[in-house]
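Each structure below appears as structure tokens.
Both of the next two complexes hold chain A, though its partner changes from chain B to chain C.
Now for the complex of A and B:
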């Protein structure tokens, strides 16, 4: 892993190098060492670049408001304090920050459960049951992927408004339970097509129906796909801003992304410190979720690569 | 199996029931009222930060204790999200009963009959300055009542001027003197501190300059009231300062966003609305900032005016007109509401509310400034044309391209005029 990473090979000559006695072995270790050094320097530089925004965010969360952004570039402030976290945890307009966390968690868990259940069942139908019009419906489902979200905002809003469901979580979750996320259905269909059909044929011979085949054969085999789906739908729901913005009216029902914005107000005064502190806190659950499931995500991706 | 006739019936049924449901939603007569035992609930929405949420909560509690037959349901978002949400609700017919409003969106929603004509309900406007009310009116209908006002001013940081040995301005100055002031600050600032930002890119400052020269920005039929030559003359006001330490370079301003150059302690002065005081103080951490009037070449005509910093409006479809009117009246006139908000919405527009509020510290600075310019004030501008926000933004953008040197003066004036005329034609 330590060799041959960068194509840059300017063959630097050592200033105190011994006389040019030809020694292939020693030269090659020297070259190797230089290459390895270059690789590590470049890799470290890249890591620093990728991590810098996160480090900036964490350092800024401990700085007073007037030292964040603008002309201040220093990562460290002498006015180190936890005040921003205190303000962030105080809540907004009488609603405690824990409420925002709870709401976000309800929405995210609801989204994961709904998506995993509905997408896997629909995928089973598309991949394993030969019903009339399957190709057409599959095509139509894929076509919804091409439909930009902004086109459906207003019609969707009118429907939920007339049904009296605005200011509830129903508009935000019902789609997840009805397999409206074509992306996940597609992902699972592709995964299922890769599973050998002999398995469910064998089950059928043993007398299993669709429910049994789906529950006992398919679901356990689909674990990697289910885990990828869970991770993505958790993160998407956790970060969703527009949906909650449009459908929720009571501050007590707001999830975190809406609350975050309330610390910054261009028309009045902005508390960047509190916003950043809350961003740091909001990042933690996603980070934990990812750390817990990350070995499955790698497993999931690698199994998906192996067809049949 | 799915046969076509069944499918069509389903669609037809679905459409019919949707139409039926929407009919139910709209079958309301004007002005339902409640009682103490059975109160009506109105929805009120505003934009702002947690500080405003806290203050509004107090105001609502006060209103409910005085009006036991009305309950107010409060809801708030940030400014950008606020307008996305309103646009969707307006399209879906579900605007909240009472809303905090911004002047630049008033004509848009008013013309599309989304807002209630407030002259048809009982709201007391006796305590308002007569020159201010027209800014909430479109074609003889009153769509918005101003809660508060703001005015344009030059901010400066007295501590920074003192440390450099620059004399504090007294606010009676010409453009030349203002430019000289910025140049002096910039030269003594030694690259660490600039004089100010290029004020010729600020639409409202241009508007004020036009007023100083007795030119109307927009004619009564919504066309541009000035010529390209006026615009070129204006952009030329700071021509000799560009590239000198008087003006903070455009790329620096971009780097500092979302903070302002003054909020980042990079400039010693800034031309903007007086109600930004609290934000500037918070961003910069400065102990004190002062306000003086804008420059003018005619000392008797400063071109200044009071603009509603925000308004109160009601939805045209509200079922509770009476309750909505009482809530608006309470929010704009009640002295105790003034005590709650102080100047965080701007200086209270209603005299009853203003006189009933005690101002201290920063609040007092802003109120005193507006008092000091009282004799120069002219009529407030009409609600801006539809698409004004775009126009204002493109004014800023074109002038910054001029600053970068990407456009010549003629090219910049042509570019902006073309955009403005297209926009006006589009929205006519």
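Now for the complex of A and C:
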């Protein structure tokens, strides 16, 4: 995993300028051009294949029900309309889709705030402070990365149930404020270790304590790691299904994934179009995030081994 | 992976106890645990504590409403005769054993295709990565179900080529290929990691091999594979562990039932049904612990066997 921490070099952009004068190598530039064309044809065909489900989904969300599935499977339709989205926005079980959106947003923002705070503070201890037991705890933190979390959900549920916290957001958010997503702690530890040790030494000589060093030296320098963490914890929370499924019972509190399940259960594919429109709506923020932060996200994956 | 942090500063203070140094060390210890507090609290309250109690619960009969009753190993012995459980093990193993290598093969193949100094690489990389970000969501599960349903686009596309399979969703022998396709579709995340690894391989190695007359297969086997082996190992380990825990897609596609005919009854889905639908919390805890043990053993096997095929730079090969 540590091998992941080496940043990828920015790729030198080398314009392949063909030599205008005749030389015996000119044939190989022609061959190169053909090869390059083949490459792009193959790659674009693969992209079309990979993105097909997403394109199909968007197309279906604008189609009337009668044209989804069945004989008419063309991506284009002359009857495109926003009707499905209008139906989808009505929501389900007497709760408007806007409420589900708000709930998802509350949970995701809470997750980002909690994770960024708790993971950065804990990571500072691992990366910059010498204390007995650090190596042991670090090893344990790494071990939790590999632990199937299903082993903790049952007792956690029992405890939250006894505390009367089922059907609140507490069980869904408390872990975020306690750095339970070890991946982010690890990511930040790796990042902080890359910062020069002289920074803290100098600050110490100037009489700064750990709180000062952390707050005014480390945090500002950690911006890239904080941004990656924010993006991924937002998306993971936005897509999370099992947590809300376990803990939330009243539809008014449902985030989008749970609302979608309710929609599927209640309409049972009688209103396919609206169901798919709602799926599109639920993914919209993730897609927007992806388009805006594309670079950060893909770099984050390639340098830190973050999964999607 | 479990390398301990370097303790470089310690060596200087070991010779003679200096009051200032030791005061600083005391202050550091205090500060260390203070900063560690969020994680430490979470670790104890949300991981270690629950792990111990689920181990205890796995030896009991507990339904959330009456006190747990100690039944020894009964849950475990019952599991071994529970046909639904055995089926869920089979389904999950099938998924892990076929899905993960296929996904990684796709990831590696496309990473190698993209690993050239051609234009548009950034675009391709992002486009291939996108499914990884949304693949595990409920939305995509719904779309998958629609696409692979009766006369959905997949069925129609195949009929065009004369292959009449009907809907995959309702056909017990086609649901596994459908689920595997869903995970293979998310090859982008490991692909991006492979791509970063491929860029680290010095180009002169390939040039030297070309001079010696090595073809693409030899180059792949003698340069790419060994040089990339730490990344392959990382991806293999993470994707395998990840695959065991698939839940949301299976839940949505099978309406939370694992059907048809139990063909999508994944391990975690059965665990969920036992624990939170039948409220057999002790039984579900036993399942959870079995999963931990199995994943632990697999991780151990991976690390043990890695010595023979994973080469870290600096190793004498």
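Just so it is clear, the second predicted complex is superposed on the first by the 248 of 308 C-alpha atoms of A that agree within 3 Å, B and C clash if a C-alpha of one lies under 4 Å from a C-alpha of the other, contacts with A are read in each partner's own complex, and residues count from 1 in each chain.
Assume a residue touches a chain if its C-beta (ideal position, glycine included) is under 8 Å from a C-beta of that chain, and two chains touch if they have at least 3 such contacts.
All figures in this text were calculated on a predicted structure; none of them were measured in a lab.
Peer 1: One more residue to check, A:185. First (chain B), second (chain C), both or neither?
Peer 2: second
Peer 1: Touch check for A:64: first (chain B), second (chain C), both, or neither?
Peer 2: Touch status of A:64: first partner only.
Peer 1: Of the two partner chains, chain B (first) and chain C (second), which one does A:84 touch, if any: first, second, both, or neither?
Peer 2: neither
Peer 1: Go through the superposed model and pick first if A:261 touches only chain B, second if only chain C, both, or neither.
Peer 2: In the superposition, A:261 touches chain B and chain C alike.
Peer 1: For the three-chain arrangement built by superposition, which of chain B and chain C touches the greater number of chain A residues?
Peer 2: Per-residue touch count on chain A favours C.
Peer 1: Report for A:251: first if it touches chain B alone, second if chain C alone, otherwise both or neither.
Peer 2: The answer is first: A:251 touches chain B but not chain C.
Peer 1: First (chain B), second (chain C), both or neither: which does A:228 touch?
Peer 2: Neither chain B nor chain C is touched by A:228.
Peer 1: Between chain B (first) and chain C (second), which, if any, makes contact with A:242: first, second, both or neither?
Peer 2: A:242: touches chain B and chain C.
Peer 1: Touch test for A:94: chain B only (first), chain C only (second), both, or neither?
Peer 2: In the superposed model, A:94 contacts chain B only, not chain C.
Peer 1: Let me test your reading of the model: by the given contact rule, A:104 touches which partner, first (chain B), second (chain C), both or neither?
Peer 2: Touch status of A:104: no partner.
Peer 1: Quick check on the output: what are the common chain A residues between the chain B footprint and the chain C footprint?
Peer 2: 69-71, 132, 153-154, 157-159, 161, 241-242, 245-246, 261, 264-265
Peer 1: What residues on chain A touch chain B, complex-wise?
Peer 2: Per the touch definition, chain A meets chain B at residues 64-67, 69-72, 91-94, 132-133, 153-154, 157-159, 161-163, 166, 241-242, 245-246, 249-251, 258, 261-271.
Peer 1: Considering the complex alone, what residue numbers of chain A touch chain C?
Peer 2: Counting only chain A, the residues touching chain C are 1-4, 6, 8-9, 11-12, 14, 36, 39-40, 42-43, 46-47, 50-51, 53-54, 56-57, 60, 68-71, 73, 117-119, 121-122, 124-127, 129-132, 134-135, 137-144, 146-159, 161, 174-175, 177-180, 185, 193, 209-210, 214, 235, 239, 241-242, 245-246, 256-257, 260-261, 264-265, 272, 275-276, 279-280, 282-283, 286-287, 290, 294, 297-298, 301-303, 305-308.
Peer 1: Would you tell me which residues of chain B are touching chain A in their complex?
Peer 2: Against chain A, chain B makes touches at 1-2, 18, 21-22, 25, 43, 45, 47-54, 56-57, 73-81, 84-85, 88-89, 91-94, 96, 256, 258-259, 263-266, 278-279, 281-285, 344.
Peer 1: Spell out the part of chain C that touches chain A in their complex, as residue ranges.
Peer 2: Residues in contact with chain A: 1-5, 7, 9-10, 25, 28-29, 31-43, 45-47, 49-51, 53-54, 57, 64, 110, 113-114, 116-118, 120-121, 124-140, 142-144, 146-147, 149-153, 156, 185-186, 188-189, 192-193, 195-197, 199-200, 230-231, 234, 237-238, 241-242, 244-245, 247-248, 251-252, 255, 268, 271-272, 275-276, 281, 284-285, 288-289, 291-292, 295, 299, 312.
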